[in-house]
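Next up: the structures, one after another.
In what follows, chain A forms one complex with chain B and a second complex with chain C.
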Partner chain A sequence: MPRITINGKTVEVKEGSTIIQAFKESGQDICHYCWHPGLSVAGVCRLCMVQIEGMPRLQIACNTEVKDGMVVNNTSDTVKETVRWGLDFHLINHPLDCPICDQAGECGLQDQYMKFGSYDPEMAEKKVKKHKVVDLGPTVVLDSERCILCSRCVRFTDEVSKTHELGIFNRGDRSEIGTVEGKPLDNKYSLNTVDICPVGALTSKDFRFRQRVWYLKEGDTICSGCSTGCNVKVHFNEEGVWRVKPVYNKEVNGHWMCDEGRDTYKHVNLKVRMQAAQVGQSGAWQLIEPAEALRQVGPKIRDLAKTGKSDKISLLITGQYTNEEYESLFKMAKELKISKAYHWFNKAKDKDNFDGILLRGDRNPNTHGLLDAAKAHGIQLGSLEQFSSGASGAEMAIVAGPEDFAHFPELESILKAAAGAKLLVWLSSGVPNGLSEVSCETFAIPTKTYIEKMGSFTNHAGLKQCFKVATTIVPQALNLSEICELIQGRELNWALRPKAVGGAKANYAIAEQGAL
Partner chain B sequence: MSLVKRPSSAASWYLPGILAGMAFTFRKMIFNLFHQKKMLTLNYPEEQYQYSARFKGNHVLTVKKDGSIRCTACMLCATNCPAQCIKITAAESEDPSVEKYPIAYEIDVLRCVYCGFCEEACPVDAIRMGPEWQTAALNGSKFAYDIQQLAYRPQLRGGVVSVLDEDERHHAGI
Partner chain C sequence: MQESKLLTEHYNKPDFTSLAGYKKYGGYQVLAKALKMEPKAIIEEVKNSGLRGRGGAGFPTGTKWSFLPNNGEPRYLLCNADEGEPGTFKDRLMMERAPHQLIEGMVISAFAVGSKKSYIYVRGEYDHSIAVLRGALKEAYDAGFLGKNILGSGFDHDMDVYQGAGAYICGEETGMISSLEGLKGQPKLKPPFPAIQGYLRKPTIVNNVETLAAVKYIIRDGAAAYRKYGTEKSAGTKLFSVSGNVVKPGNYEIPLGTPLKDVIFDLCGGLKPGRTLKAVIPGGSSAPVLTAEESMKATMDYECLAQMGSMLGSGAIIVIDDSNSMVDLLDVIMHFYHHESCGQCTPCREGTGWLAKIVHRIRSGAAEPKDIDLVEKVSKQMMGKTICALSDAAAMPAISFVTKFRSEFEAHMQKTRSAVGGSAHA
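Here is the complex of A and B:
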């Protein structure tokens, strides 16, 4: 293992690593654009200049391998001067339209300028005008003027997605990123180019102009889009969740995530959520507190169990809940002697599909965990078809339904089949389409989504990943463990419940009075 | 700090004080009757006082030369606002030369503290605080000023043109 001295600090790094990696490992600042830990080395931005003792000229840290006994620094006046004027060259044609740029606030160029630049510009020439608002594909918009040609996005499509859509066209100061005609940037990982773009040149159509990033808070969680279990962070404010971005995890997703995973914030926002329990049947609905609804339905379930009719209760479970929730669900099933449990496996045919990078055909975050928990409790899970055929005429159906309806095309037919029972307890975070037409007695209870609860998901490979509460969107919603407690007649500690996040501030007088 | 003022014995002789006050009032009244031009008060609302252009009164959203709104929806004013009374919804413009514009811009003037930070934060001279100071209205809802009110109210006679012109900037190569 070579030892290297960086700014007077000695660090030991892996054989074959570059100086910039040593800088990152030792936690020291170094200016860079084109280098990205997940991509190959390009060496085009010339900003990571370092002085190596014994070498006559400055070297780029990203493409120089560490040798034992190297003495490196990037704090000398020569290096500072080089980086400063390197930055000046990058900003020659940059429009500096930070106020209308979506990247402002999380922009590499802004950060590096404040850290390493801070000079008076000496450029008297006019800026070269390039194409603005270029539609690259279904997800990404390009502003060539802001681009500093670091080629990260080009390398991404070449090396990671291997779709080769992007390229650099023209020469000199007319160089531009672009696509070939008839081949737009359209792959399942295209939005990663937006993440790795150090400036605001590539922006996501889904997030563009929706929020300024400094209004958003971050919360780490696990993507619920498929069984890969990518580590992600959600960006939210009091109006809801706005986007999902990947977090580096070497063992699971590396630096990336898929575009479909980025849509997993859409089903958690208030508009599409069930906000109170719906109790009643076919149209005559009563909206009450979820806990109150469970206090009403709990005795009915317990009575059935007491009179020995437990076998008339069927339990249908999706793979969208956490390990801890399954644990309490199966514990309850044992206590109430419910033996008929079925696994609602959506898109079961595609479950072994894998696109070679991240996305898997099993669109549930925790199928593995569900099967493990059932096995541990000795419960045999039946199939979805068995549930559909056996539900009609049963006393009661308890459905731990889906969170993200987008991956459940059979949702309505299952709801119809479940409604064949005399009493239906439907648990889901949103309101399913056919719910108002259900004719049996129904208790629809809102559940929490993956960003509102803590717990763990077991991914396809059996890796258990824990996550914490990011934010609360529907404070009345309950998680499966809490629902099980209430069904068994035990109370929760209401003092510990999350409080509602204040919505957009509205003037009281205006909100109350309205127009004349 | 609180001051306790004990009633002095002189205060019990209130009649001289009242007479002195009345004398002052009547002296002014008689003076004003004969010198009406020198009177300090105005017959509000028929007569209104004009503050200087630097007065920080009601907000004005400036417009471009073609009359469209100057604001670029960068939200710096909303970020800088200590009263959090500005609410902007940005949208993509149909016009290729304009990238981002406010589809809704709302100032809750009952919440506004008229500090002028929005004016200071604005990079394109899109918001100013004008000399208008009358904010009376019949109803709470009238105090949420929208784009129509902020940029095109009748008092502005078609809008105040911003000093910053995009075309001039483009020609200058900025």
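Here is the complex of A and C:
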């Protein structure tokens, strides 16, 4: 392995690494825009200039391979001056409209100017006028004047999504990113271009103008959109969650995530959530505390078990819960001798689909975990059809329903089928359509969404990924483990419950002490 | 003084363009000779001749050829006929007057480097050159100088003419390769160099029209005979395109090392009556300008001009007399580079535009003295910072103009334009 000296510090790097990778690995600052670890080298921003001993000219670190014994620095006055001017060249035609720019606060130009620039600009000419508010496609809007032509987005559509929608048109300082007529930027990964855009040129239609990023907090979690289990962070404030962005994980998703996964914040926000337990039946509903509802329904379940009627209880489970929740659920089933369990596998026929990049046909984060847990507990899971046909006339149905309704088109019909039992315990994060018409005795309990709980999902490949609580939107919602505890007549430590909506700090205590 | 007509000996004969006429003056006899030689011996001969690239960079041709890797991959020979450097018009003459000379030189070169396919990439505006070349190619194919088993040697070679789309940047070798590949004409990152991964990511040699044509004469007469022309480090003859304020502008073939003074005042008939020499651009618009005093001392070879801080470039001599304003000229030059920057690298994309705007503002009389310094500062930061040399090509004239003719630029601050002459429009 070659050893090189960077700013006086000797580091050992992998054979074939570039100097910029060596900088990154050794944790040293280097200015750059066009280089991105997930894309090919373009070498056009000319900011990662370094001085290599024995070479007369400055070299770009992104396209220079390390050689054993190389001595490199980017702290000499020549390099600093070059980078300072390089930044100025980027900024002379940039509109500097930070106050109205969505990228402000997470902008490469702002950050790098503060770190490597800090000069008085000498540009006194009129700036080049380019197209504003260019509609590139269903998800992304372009402001060409803000664009610094780093070509990251073009390379993304060429190399990652392989959809080739974007190109750079015209030449010189008239160059602009654009699409060909009739072929808009429309692919399942289009919003990654917004993430990798170092400036405010590409903005997400879903997010733009909605929040100032410096008011947002972030929390890491695992995307619940499919069985790939992309590592993501959610951005939220007191009003709710606003967006989902990918977090690098070499093993799972690399640098990217799909556009559908970015929509998984939409089912966690307050206005689509069930905020109190709904107890009763058609025409006679009452809203009560979820815990209170469980204190009422718990004895009924336990009575059935005590009187040897456990086989009259059927349990229907989706693949949307954590491994830890399944563990609690199956433990409870064992304790109450419930043996009829069914797997609600939505879109089951698509389960093995894969688009070759990230998105999988199994739109549940933890089908793998559910099957593993059932196997570990010796529980044979029946099919959704078996549940539907056997539910009618049963004493009781307990449904651990979905949190993300978007992928459950059969939701209403399953609710109807489940309502064939004499008593229905329905668990889900939102209020399903048709709930108010259910005619059997029903306890609908709000559950937590993936951003509100800690635990682990096991992805399609069997990789178990743990995550903490990112934030809390509905504090009264319960996770499956808590629900099982209450059904079995055991109380929770209420002192540890989240008190306020939002605010990661308040929730960290829960995460660390274990809400499960 | 007289021209030394080696390449251009028969250019004044109208039938030299046709195959029959070309053969009359010994055409394709050198090819027959070359095909009987070892390819390595040809490369060695070219190396010994001291031939340097005539397109602008002046890189030793034989050395370039020996960079090709021996990996069994197909190799390409590209002829750079995208003559775009302002002031240069020699390749056009060579293609229009002597298309077979180029083809013969190319087949010899292709044989030396082991290439079975070559392209002549011609500047988009050169419609006539392209027509002449296409006609000559057909003749050469019909006569068996191209195609399979050329002259019974067992060597196969195919050649095509490709018409560019009129971009200056496609004269840069990797920009040309991109364009030939059907991509936007933008230079490629180096490494890898074209000799390793060029056209279609295969080993590729790119040479200028004049370089390839000269190979014929090196093989015909031998390296030693070629070396009799020129100087130690600048061997051979070179075509110079002389334009500007001389009595007889045009293409002249002279040995390298000829004094610039002789070229202007003898070959080209000097300046128009009553005019005095102000400056000379010795190697195309990207070469730093020489003052009248410097140009009287200059000799037209790689080393002398490099020593004077300028360059031989493509051999375009632009003569400027006292009827021109240096500010006007720089404005035009900066407009050109702004227009032709491909826009890939930031310092060039933004810098060329910035320079064009500052210089234009100076020309219009709306500038302050500090703007002259800014031209120099911006230019210096554009040099050596980009993928290709276009940025340098814009910066070098800018620096030389404002430093050597600062007083003219300063005069524009005071709006006393009559002091320096030139057009009043801006």
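Here is the rule we use: the second predicted complex is superposed on the first by the 501 of 516 C-alpha atoms of A that agree within 3 Å, B and C clash if a C-alpha of one lies under 4 Å from a C-alpha of the other, contacts with A are read in each partner's own complex, and residues count from 1 in each chain.
Criterion: contacts are C-beta pairs under 8 Å (C-beta built on N, C-alpha and C of every residue); 3 or more make two chains touch, one makes a residue touch a chain.
Keep in mind it's a predicted model, so treat the numbers as computed, not measured.
By the touch criterion defined above, A:Ile100 lies against chain B but remains apart from chain C after alignment on the C-alpha atoms of chain A. With both structures placed on the common chain, the touch criterion links A:Lys126 to chain B and to chain C. Of the two partners chain B and chain C, more residues of chain A are touched by C. After overlaying the two complexes on the shared chain, residue contacts for A:Leu287 are found with neither chain B nor chain C. By the touch criterion stated above, A:Ile168 is placed in contact with chain C alone, chain B being left untouched.
Once the two complexes are overlaid on the shared chain, A:Trp214 sits against chain B while remaining clear of chain C.
Put simply, chain A uses residues 125-126 to touch chain B in one complex and chain C in the other.
The part of chain C that touches chain A in the complex is made up of residues 167, 184, 189, 191, 338-347, 349-354, 357-358, 361, 371, 374, 377, 381, 384-387.
For chain A in complex with chain C, the residues that touch the partner chain are 41-47, 49, 57-58, 63, 81-82, 85-86, 89-90, 92-93, 122-126, 128, 148-149, 167-168, 170-175.
Residues of chain B touching chain A in their complex: 72-76, 79, 84, 87, 90-92, 96, 99-100, 108, 110-111, 123-124, 138-144, 170, 172-174. On the side of chain A, the complex with chain B involves touching residues 99-100, 125-127, 129, 132-133, 208-210, 212, 214-215, 504-505, 507, 509-510, 512-516.
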